[in-house]
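Please go over the structures that come below.
After this come two complexes, each holding chain A, first together with chain B and then together with chain C.
And then the complex of A and B:
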């Protein structure tokens, strides 16, 4: 599982990154999307204590059954199984498990595999503590022409998917796909290409996020299958491959799913997080190769613009920010830097002038960060991509949970996914055992749903 | 006439007085269930995060596309089920779709007190009805509104007829069907098909029903072929968008706008 060959060095990586950024093309990694504050605005949220954390886990040959699996961890305070794995559901397949997303009713969770292009639909409401695989979509690439189903984002009655690549050349040109909640394909949309409002649109995709009050969808860009499935050691030594990283973001009309404007954002802009604070209309992203933080917002004439607002720095030559997580009040941002395994906390009280105010090493490598809606609990996992994770001792595969008091992180539990014979811990999603506690995003309904509830549909089964 | 709209601010309606108790005949079911609910291995929910700046206003700040300039995808076929009209006649829900009309469907209950739920949908339906009758009277015969109750015990055909008032069976203008079901057995498969969650609110101390129901309201736009073409949630239900979506579907069918 942990071969020492093809190991990349910091120096090689730094050279590769510098070269590609200098060329005006992006480079390097990251993949993720997590946390309660980044769900679709159409998905009801857990605004109190989460009960469960699902971890979409990459199968590793020689570890357990070697298959991708959904791992369920109990995080209920006071539970006898707090911090323990209470369910493991193997897909029986190894296809580069990556990200997940809830349907708009949070009854089902869709989970994608970037290599096999399979999409697994799990029932997470019948018994949230023991998810059940109810459907597998196996013809995603064949039907859409796209490869690498990455981000899963609920629309009312539908699932919007951002792909990473395509079937023709396995490069970075890709598109959006819409399914209905039954898993039937509705529509495919190409990412913008060519010259677009004076900017070269590369057609790449990575993450997406919707601001419904403004009727806009924001997308970012990464790289194609050729690169994300390549061993990172080889990749960073391949100048041609390093040219093929995204350098754009695009703002779309969320209603019609038509692009409105393309922004030049070099260095593979990845995770997109809209501020949830009422009245805020800005989103933040981190560019993996440059380490820069970008804020997308309207200028004084209401024109959408992308602003370079800061740079993530680390002691290593390449910061390589991967996942980010924005607090529900839009005032604080967690940013993980993969190579040094550190998380940084940025004060975003002024999103145009954010400041790094805290950092902590989580593990030898760190990718995903997910915070609870109240920001008091923060979870981390360590896998980036099967072929991009570190080798040897550096390849720690953990789920770690911390309490955050606004000043420091205090570790609560850690689960070693190799010791548990599971695989590489990647994407996390929270769930409540009692779905009646879920609340819509918008603040005006806060407090209206704190009573105990009884589902109407429960009546017939009794 | 303008199809454009910007900076729309929809104020939450003032909460009406709370309705009565949940269906009395269900109490025998509810009581043991409430106990079962309390025994679930769940925690007490922490206090929700409140935005101190929350104003209770839902703000839309964008230009709305003119009708016919975009396409609404076919999402799914609109499910049917057995329903009752205000005269107590048994009908298929699907009878309220098609027939040369575009349909807007929502779930309601007549004693709903959530200002962001049924009353808001009711207001939106009224806005659409009055606007179309005023601006596109030639299309009123091609549009239908359907309000389906998820409270079969209280919302009998007779009660629903009173609730609907002049809106039901109007001699002219837009057809507005008010429907209910004979019992939960007929209702629940419909709710499941539309993935419309509905909950009884229970007193957290006693487990007894508080007399209110909560739901994240959904509204469905159904074309003449009976296909769902758009789904709106109450959270982001913009009446001007819905209006233009209806006109967009009518334009697909060759309608002429004034």
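And then the complex of A and C:
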């Protein structure tokens, strides 16, 4: 977006990835993942106290201006406006606001709308407490043929976007898209389809995550526009629609962006959380429809495999675990189950045998969970998708913050987004007011051997 | 022209009044099994209108938020319906009550929509364009001005009609394209009308005997001596619509979570979500109580490739449809006397399904390819069409 970002070229992207791969774990700072660290490994982190929480909020017809908006909440302890909304920024769009992601320097935040296919780029460094909308990409669908820009993931100088659907039939076949930080389209890549290593690749997408030490990109699969835009009651009763959910995950070469292997992971595997703790080589996801927890890791022969390691159970026959958040030490996992509004905490000390050890009802429904890097503060929001949220009394729209002492959650504040005439509270991202306090890039450029440039440049540019 | 030939149309030199139509006249020759196509005098077929209609049909900008085109619900590769949805959804995911009808041979329909509320193909397009839960265009004038401001339509209406875009011409162009979606010369046609004895195997031929005999399907899905539309164009209460509205609430739904993994979900567990939309069928048009929950007999042409079935897309397979009718539908006070238990054997049901699979036209792939000649994505207008229009007239009017 700015001169500062221009320092990142395809060359530096290649160097960054190659450095990360070549240097391995020892040369990297701690790569443990809490939700703060579910950000791309190419994004600087807030390892201390977060100052602000941004909430990407869905506009609701009849609520306030009805527009999707970015809501800024002050979470600085001791601040006079602690736990209060200090800024709102309407986009003028009501296009199914969903997820956000930082650029590699954390100066800009990209936010997507799954229906209008618009991508909003916010300046969050000039005045982090009052973000500015600096660019709107309106031709995502037109230029890519994909629909539903979902995950925004920083690469050096680039944003990697996972889409959910397509413009031909609004089904689940979709792909990956690469933009540069100025918002210019660089490349599109189809999700794998057809038979792939003996597994039927459905071509669906949802989330993505890179493990730079292993040079792998992992993707998951959800469903197309037809289903994610449909009322949930109608959807559940429609046997045709229920046949069209993702059944796979795929592991890709992160440098070449070519799929290496497809796993059968039925039931719509959603959020991907890598444990990048030193020595770890696994990621976890939850399948929304079956409630299964899946761990993707290498076996003894270094072959990537997907393992069914547990089942999230609820009183509802459709468990619908939605967001998950892995603690910084990789030993604990928050998992929200949307329909009963409960969050569960799973002991992941042994990722192959996780155990649920705590649960708490957050609201009548709950979707996103974000924890601070130290895991002591946990934030929840309640909106899943505009037409999947409950109707009537069950449609609570909240941002809630809790303290976590390792044994129980204690509520600190709650903001009712309907009372504030804002809309549906969805994705959260943290920000610091003083960006100098941010930790350096996880996948550092320092010390990289320029002799080990990888082929990413060849793949990310046409 | 090549594509038009693919769908069974041939050119002829018709003299057409320029005020109605400009361009290259088309005189359709029906494929085997289909009767001559009715073409309104006011809207003679021309190549230019068909091409323009195709462009409009595929263009996602014809919805208010530029996301929905006709083809997003009538997907060319999915039988011009949607295989992935029972009842359709529209703009911003709003619920519709009914399954997207397949478009093949729509030019032969005597009424349109499942309850027959529209009578002319030229007028039909305005219902989805303006419906809030479909394409949600604010007004007719808004549609006209939006099309006028999009550069991809520059000169297209002039070439097709000799004048600029108007509401009537938009309807005429879309109707022309849809009317050209003719599909016949199925294996059944070649066997029954073309005299190809081996076009149907023994099972399929037995299925036809069930169809016109014990199954009584032919009473509504009519077959003529020279051609067959497989519909009598009438409306019947089979009990399927009645059950949805009047029968005690279904207590559980068998819901697929993953291949081979099903759970039962109760109505009570879905109480927090949208309730099914009311639908009284043909009665909504005539206001005659005898028409309650009556729906139009669909043509069976291409039925094998246009799942799911019934007006609400409730049945995934032809086997499920046959089973419904074999049981005599669902009893209710207005049920048609033509719907009664059939007592078909398992073999007869299988034969009947096999027969219905012979009704697929010989140009299905060609029609899909023909549709994809047009793009679905174009640059979205930067200015609101109503603002653009107001600006254009400025102070030129008192």
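A few points about this structure:
As a working rule, the second predicted complex is superposed on the first by the 405 of 462 C-alpha atoms of A that agree within 3 Å, B and C clash if a C-alpha of one lies under 4 Å from a C-alpha of the other, contacts with A are read in each partner's own complex, and residues count from 1 in each chain.
Just so we're on the same page, contacts are C-beta pairs under 8 Å (C-beta built on N, C-alpha and C of every residue); 3 or more make two chains touch, one makes a residue touch a chain.
These numbers were taken from a predicted model, which means no experiment stands behind them.
Shared-chain residue A:214: touches chain B; no touch with chain C.
In the superposition on chain A, A:374 contacts chain B only, with no contact to chain C.
The larger set of touched chain A residues comes from B, when the choice is between chain B and chain C.
Look at A:184: by the touch rule set out above, it reaches chain B but stays clear of chain C.
Within the superposed three-chain model, A:157 lies in touch with chain B and out of touch with chain C [touch as defined at top]. In the superposition on chain A, contact of A:194 is made with neither chain B nor chain C.
Once chain A of one complex is fitted onto chain A of the other, the partner contacts of A:92 are absent, as it touches neither chain B nor chain C. Residue overlap on chain A between its contacts with chain B in one complex and with chain C in the other: absent. Interface residues of chain A facing chain C in the complex, by the touch rule stated above, are 94-96, 115-117, 138-139, 141-143, 145, 167-171, 224-234, 236-245, 247, 266-267, 287, 289-290, 316-318, 386-387, 390-392, 394-395.
Those residues of chain A that touch chain B in the complex are listed here as 41-42, 44, 47-49, 51, 76-79, 103-105, 107, 129, 155-158, 178, 180-182, 184, 186-187, 212-216, 253, 255-256, 258, 277-279, 281, 328-329, 373-374, 432-437, 439-460, 462. Those residues of chain C that touch chain A in the complex are listed here as 60, 65-67, 72, 75, 77-78, 82-87, 89, 92-93, 95, 253-259, 261, 263-265, 269-270, 272-276, 307-308, 313, 316, 376-380.
Every residue of chain B that touches chain A in the complex is listed here, in rising order: 12, 26, 29-30, 32-34, 36-38, 40-43, 45-51, 53-62, 65, 70-71, 73-76, 114, 116, 150, 184-185, 187-188, 191-192, 195, 197-204, 207, 209-210, 213-214, 216, 218, 228, 230-233, 235-236, 241.
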